[in-house]
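Have a look at this one before I ask anything.
Each chain gets a letter, A, B and C, in the order it is written, and its residues are counted from 1.
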């Protein structure tokens, strides 16, 4: 599904250049579950942003299917994200002044769904993640684990075929981490492509394939791993 | 020498005022008969120059002198009357001319027919006195207008006494018959030569009766030939309700202006 | 969930943050609306006075000061009544009516008021006849060209004093009462009252005029002179010209005729008011500029600050598929609501201020002008949208990767 061709991202800062990412050829097939492991500042977020159509490469092309992402306009990329990509953020990134159900409705609103239908779908998703009684709670009134589940429900609102997760278990306790990882397993089984950036080894082991990223360079972690049995 | 002449002149002035004062007082003493004097002058076909005064100051003295001398030089057709406006006996006369609050001394020229032909506040000159004598027709016109009536002055050629048809129409119209007067004179009448001049009518051009149409308080509405119609003249009368050419003038009335709803004048 | 809902909820998350913004716009709009209302009504009043009194001239004592036309006769000084006759005798073109007045203080049933002696027009009948003499006088000018043989279009009832400023008939011991006096003392036509030690019968109670005449009582001039022991004097002579054209020529003629008097036209009287109106019109322009600057800067600053605070949220929304148009719409809609709130609130406050203070500032009664309020609201809205445009555009161009920034 994802293909990076001679992609690099170079920043110029105060007269010096910083190579944030360099990937000669990287393929992430459809339906795969990939974990990208690397220390802080290694370029994980840069890669994720690039895959999500939010950061254009300095060189090279990024393909999603047969579409060159950065040959699309800003509006077309936004539409692509709405329809196909779901993000999971380390800090959940819930809108603080909206309730749980309203946060989940955001992607539905962006895709133009009628308000009544939005509520119904959002409520169903929250029920799926076990937050049926928390529909009208604001993020500040939810625990960390609950906030992440709201974020997960939001990610699933438009039934994306790709999940891009940035340190999804970074701020969670063990139980919440387990819930999130089980969710990813479920989504993976349903055919979703998951690209998870993490420095959590336990989370990384859940993936079929592990990649390492260091100083912007992507390489297999411990060589190519055989695909896990379903 | 010069000083003596000055003293003499001063003494003469004192004597003159002393002589005049009693004369004014003497005239004033007969004040109760002012109305009668006025009536007598009218009978004698004389103009009366009435000097209303409230005090015996220099202005009054000067006016009295001018009027007296002006009347003396025209004694065949004029007489003078001096009226103390403060005297209760003269209230009727003062009210008749409405001069109780007028600037004094005030000289009023009254024609034999009762028309006021001149009013001169504060001071008067002999020329003004002379100009106050108007022709009989002018006096009639002024009298009628002072009574609030419109005046049709018919200027007749020598051979005809006919009143123009338009004027006759006015006479028959109930709206106008009680507030109009018609005066006529022959164009050849020498006494009216000045009036003709005032009206700017050339006597030589008058072949048929011509009408000069006048309205209070002294407006010449227009001059009309024999064939002029009543409608024409009525329209001119209506238009005369405007005082100037300003289209925004509030006197730009509609045709109803000529309807007789003015009770005040009647 | 719609764009509108998101904006609404964001505003109510921290209402105090927008309150300052709204207040700035509200105050600016209120000041603008109040000043414009007063200006408009003051200009209308000036126009009305010029229209109704445009051909009127006041003859006043030389040293009299003049603030307002209607109370010009309350100057405390007098001139000789004979000036009236002098004007009539002069036969000036364009003099339609004269109305001499004498104001004296009086008390009625414990209430202090002004007793005004006026001369009824019926007493001018004889004087009008004087003008006939000028027809045949060898003089350079003629009397008023207007033929007074037509019916007078004016009303001859006593109540007409309110509008025509003259009265046709008023007998010695009759009075006409101003609207406010009548209401305050419950006076009715036919009643008998004591004034300055003499008995008077009320002929009529005037309708309200909105001028000082509402608080006055009118009696025959000569009776007032007698009772007040003032002598044959008047406080002012109002000369009604037949039209403004004639009135314009009358002024120098009257000034020459009565050198010991002051001759003023309504134009001169309202000159000060016209000047004030002009100043207020300029002030409203100044307020508009201030509104634009202060309100606009306030809104621009508030929206810019809001964009900075919500960078992560904006990045997240972009990640979720929000278009740049949606993002800028978040801020423009917010600015529009702020502008609308400030505009509507400012209009309400401004109109209330104008209605309350207008009679005190400019001596005019004020009623709300809806079109003015609408324009002010539109102006406020436009200013806020323009001010928010750049920050909103900047928000739409934010790097979406801010959503990945660690807190």
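The rule is short, and it goes like this: a contact is a pair of C-beta atoms (placed from the backbone, for glycine too) under 8 Å apart; a residue touches a chain by one contact, two chains touch by 3 or more.
These figures come from a predicted structure and were not determined experimentally.
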| item | value |
| --- | --- |
| Result of counting contacting C-beta pairs for B-C and A-C, higher pair | B-C |
| Geometric centre: closest chain by C-alpha means | C |
| Per Cα centroids, the chain farthest from chain B | A |
| Rounded Å distance between chain A and chain B, as computed from the means of their C-alpha atoms | 114 |
| Chain A and chain C, separation of their C-alpha mean positions in angstrom | 69 |
| Distance between the centres, which are taken as Cα means, of chain C and chain B, whole angstrom | 48 |
| In the complex with chain C, residue positions of chain A that touch it | 45-46, 48-49, 52, 54-55, 74-75, 78-79, 81-83, 87, 89-91, 93, 95-98, 102, 105-111, 115, 118-119, 154, 158, 166 |
| Contact set on chain C toward chain B in their complex | 55, 80-86, 89, 93-94, 96, 122-123, 125-138, 142-153, 156, 168, 232, 242-246 |
| Chain C-touching residues of chain B, taken from the complex the two chains share | 97-99, 101-104, 106, 115-119, 121, 131, 134, 138, 141-142, 145-148, 150, 179, 195, 198, 214-221, 237-238, 240-244, 246, 248-251, 253, 256-265 |
| For the chain C and chain A complex, residues of the former touching the latter | 1-3, 5-6, 9-10, 12-13, 312-313, 315-326, 399-401, 403-404, 406-407 |
